[in-house]
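Chain nomenclature is as follows: A, B, C and D, assigned in order of appearance, with residue numbering initiated at 1 for each chain independently.
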């Protein structure tokens, strides 16, 4: 099936993985059973309070020990994750949730570990998580998956650039084979070429199993470039493994047209009473604010429309050993709130570029691995679920901040929680 | 002095602080004296190797102990920086540099602490730092300072919106007084109003001393809004403390027209021999690649033109207790490389939105404070210097990655350094 | 009064021109008196039908003759507006309206001449105009005025760039004097400098009387540049009269932060019955569609949020002798629709960059001048009114297209009107 | 062949149309034979001078009569192109060129008719055209073709949205059949679906023969929507024929990821002597300026990097009966200038969204048809050639303006040519 519709078709097949549409749809329905536990927020923190939470959340001693009683570690534990090591940075970890996710891959009540030094952040996301869970959870779906390297090939003329493109798209199958020689998990799924004068920006798109995959696609694309240089009859005068088109480490409009990592959506429908009880406002007030903020974002020239994706995403990326610098590219997307005719609130977030893995990178470091295990999302087969949890968390964060802003509580919350800090 | 030129005039006065232009210019010249120390890179890490580095860098035992031999801490240390605390996250810290900065505020050879879990990152920035230092250091200048909250005021009509704006700009001095009642360090410096139909997006701009200042401007603006509601003859039907126009936590084009936090530039001129020796390429090859990558960025619809600001910035923000979520807004700007006629390379970075403080937020937490002290940038009077160091570091990172990409070494470096990781 | 608030204050004084806020506000209220005439749409066109319309609209024979019975003209009439002339292009002109504008400058019922070759365009705008007029007209306000040239100055170092900026802002008054030597109508009102490495992008902002003003600001800025080069102690290595920062002839996010030409807003409140009668839909359906289309625009990476500003603006720019290429920069902004609690529809458009003049350019050519006269907007003192009419027309166009799309009539209208064309 | 590479493959086959790569490449080479004629610029205009030019250009009396001696026309000539007609607008037409195009479709020396009222525009483009022609012409290639309608479908949940997408991509062939019932020339070639929460933005992409095609794709997509509503098992709660995602009438980043209309590139290599003789500057100075202007554009938040595409494009769109409002979407892209090692200048333009047709719209109106005929581009089979001519013209315009700006002649040219205007 040619064209973009073919990519969509293939993704659907991959993600359904043999289950029927009806089975998939059933997983995504709200689940109104009682949450696995109730976890009220605590601003006054202590080790004791932390153990109490671990107990409630039914988290094993093995995990809590790593996070709370960690033995002094030798730096060699971090070999391969850093150079010029001079020590360890310590950041406090808070927990939000449990957050009920009814995802294609993630299913259940997830405690969400968040690493941050910013007062009010965990409390705000926690409030949003509890709200979602009280409503039976949010649905979450990985809409697309792709990670790319975009080499540039420079030619004498645009004529040669075009000849190269025709050759390259016709040699795609051989590129796929070359890619498999460098990686067992990565799979080349498409090649999109942009000709600009005598330049070709060639976007090689891959799936990368459960790794975030930036290194994997670099190595595979290097091998492909080597082959191109060796065999292509249209010789480039110069070429580069990356042309800055792939969107690596920066927000780009382009992500909306395809995907960067995992494209995910999460949504929830909140009855008016839940909005009132948990968020102290109304669906109508939230939609009213949403409209203002959408235009505020547009006036300031942002990419997408959203409130503070970066806050929760950074905290969760850090806690789970992701590359936090990817927040620059991941924290874009669309938040949408609507007051429905039945009085409830529809809320969704859609992110085109969640960059997460459950293997590789920093995921196997002690505290990071403990955080992944706490969520049941460590190791192979879990990256889509982690992406869905990300989307659910950000939905929670948007609900909480928009509620605070629409109800006029925003500055109050910040004043109160930051004030508990010890004088420095 | 009215208009934007008045703001520029005021900033110049603030930042020169009594010194003459000639004195200021002299500080910014390259310093070709020998670096404070030579620090070759080490990929094989250990506590012993770390202590050796501390020795070379002449860093006190007090600091190295916190980073390497830290006593087990109680969570209460983090009171006021987190809620729902359940433990501590540990990330490895590497050091890059020393990086010589010839800034208006920062002056000297700075060891740069970087927290990351991504292989090759520290090694790459370190290479760039050494290159800059070998050339006598980079100049760095805080070009502008401002942090804002942007409340929205909603009216019956655009007529009322305009009447409100006229009233508000004429009551600016009284807003300034109100702001001082909520903060000793923050100072309201301007008010820019955007009318969109019957909405007013009012951008209150502040300087915030040495704090990053988001909370400070929230509280000051809340007090101003309270006063407006109480006294303005043109009553809004609704208002919100933040309209999503301020650019908080997201990349925006708007930052280029003003500033978000600190607007900083850093530049260096590298002789051809230094480019060859430290970066294994040539100025011409680097400019050639820069042009490709500039267009790659534009084709993908990014804001600004740059390579990987997010990498170094995230690592330095984390190490120094900044709000790492601000990378989403800070990691934009312009990188520019030019091969000069004398054969050398001109390289600069300009970032409109560096969000840093040396007091407040996470800056006083144990390991973060140790990192600031290691650089000599802890406490009051240091935030501009930290912003200049940020710019210098990102310049180093752009030099290193563009060198690697232009010389075809990019994938090799990633393969080599990631491969030393222990199997998980 | 320093800062951006000073510019706002000055603009308010200029535009109120001595009248009180209350007087100004009174002009902007809806006027529910009967329209000056009723002009039903006619798809079947002829000279007779045109004369009938001229009669209804009470347009003088002098004007209608130029538009309909024009004597064969000699090309010399166009001397100074074109080079290498080989003839005349003829485009059909339609009329929409009358459109009632309750503006600060424009006040009354305006017939709107539109030059286009696209079927359905005039009919669609006409429908929108009639709707607005039936509701008592739209208010319209010129929110800001400024047109700039942005020379670039290149220095050896960013240090010199900063020294230059400090010198330049302190010599602003002398630049103002120089500007007056080149133009009687242009006035330099601000200078905003952007430093990027060793480059200075200096934005000289002017008001230009009733001319669109691009040539005027070019000549004034050239004179200023000449003076700078002659007298500034910090010598640039190169400089250019325009750096591509001014936004000339292209859509830019930057326009939202200031203005480009005239920043204008227009708004109307439409009772439900009028929406139903004239637009065959409901306020709620229109808001529902507006939300979809806002997100559609954001997903596609446009600047601002709007439907089809370019259509009406091009047709009116052409008819009135404006530079139609400026549509590229002018056709951005924000359209906003809200269904109010009282059942009515609030609709507004805000455009940051309307580039219009009523003198100079193509405004004095025969048919173009006739069109301006038909609206009563030829000559000095009329450019703000013309900008307000532009905004009102685009509001009409947004109402009409969003109504068609929300009611499902969009494709039907296009099919019907294009079908009347003679077979070619 | 699935994916985007399949679309590229199909486009290559369509455009090569049986000829080999070598044959195609040969057409694109510079042609150094003498130009068909030399046409020096004339600022002092008259009917006599125009006839002289027609003679030189060997343009038939039939055409020149329409442009210069046009009989008084009845409005009924314009039936179907306008409603509410009240007359004719007259704009002066100038000629630039001949411009030598070595395109895949356009081949030869083209006189370029330009309709504008702006002094200096024709002279500037003419200078650029002569420069290109003197260098043997520019190559030009249509890189991609596609025009879309993007309906929105609204569902109860994102789950239903996804189910709809899976259904829709699997029914693509039936949509293709439906499209053929509404149009003989349009062909549905792909469907790209963007899910945002419970919304689906479905982009139906077509080729449209030699028509610009907006109405054609509207009618075809309406028929497809009707079928979807009638047969799709997943029922949308609402749907709209256009969601504002297609990029119709506005600049969008999205165009770079696909195409909007025709994506075209044109390039030329200019020897140093030609740059000096025709443009009074040097390749190095032109590249130096280009870099400044590229960053100026980025700082102002434009889409793409270019100088003044809108000027030439508007003038040529008007002259040839295109929808001039499409300039808003078409006038984006990339201009790139490089001083090569051999001392010559490489210059290219790439535009992702040229919206042109040689049938339909305003193309058959008398003066517009005459302009098309003057270029030999009227009627079927000519639209790709017209798109290539557009790209070549804009390349000429970029060469001319960048030369003027880099040599410091910009303001002088404007002063001189505008001054010849008669006092009004």
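Here are a few things to note about the model shown:
Simple rule for what comes next: contacts are C-beta pairs under 8 Å (C-beta built on N, C-alpha and C of every residue); 3 or more make two chains touch, one makes a residue touch a chain.
All values derive from a computational prediction rather than experimental measurement.
When the partners of subunit B are compared with those of subunit C, the chains appearing in both lists are A, D. The interface with the greater number of C-beta contacts, when A-D is set against A-C, is A-D. Separating the centre of subunit B from that of subunit D, both taken as means of CA atoms, is a distance of 42 Å. Subunit C and subunit D, compared by their mean Cα positions, are separated by 24 Å.
Separation between the centroids of subunit A and subunit C, computed from CA atoms only, is 42 Å. Within subunit C, the positions touching two or more other chains are listed as 194, 196, 199, 253-254, 256, 294-295, 299-301, 303, 334, 336.
The touching residues of subunit A, when paired with subunit C in their complex, are 253, 256, 291, 294-295, 298-301, 303-305, 334, 336, 338. For subunit D in complex with subunit A, the touching residues are 1-10, 12, 21, 24-25, 28-29, 139, 141, 143, 157-159, 162-163, 165-166, 169-170, 172, 189-198, 253-254, 256-258, 265, 267, 301, 334, 336, 346, 348-350.
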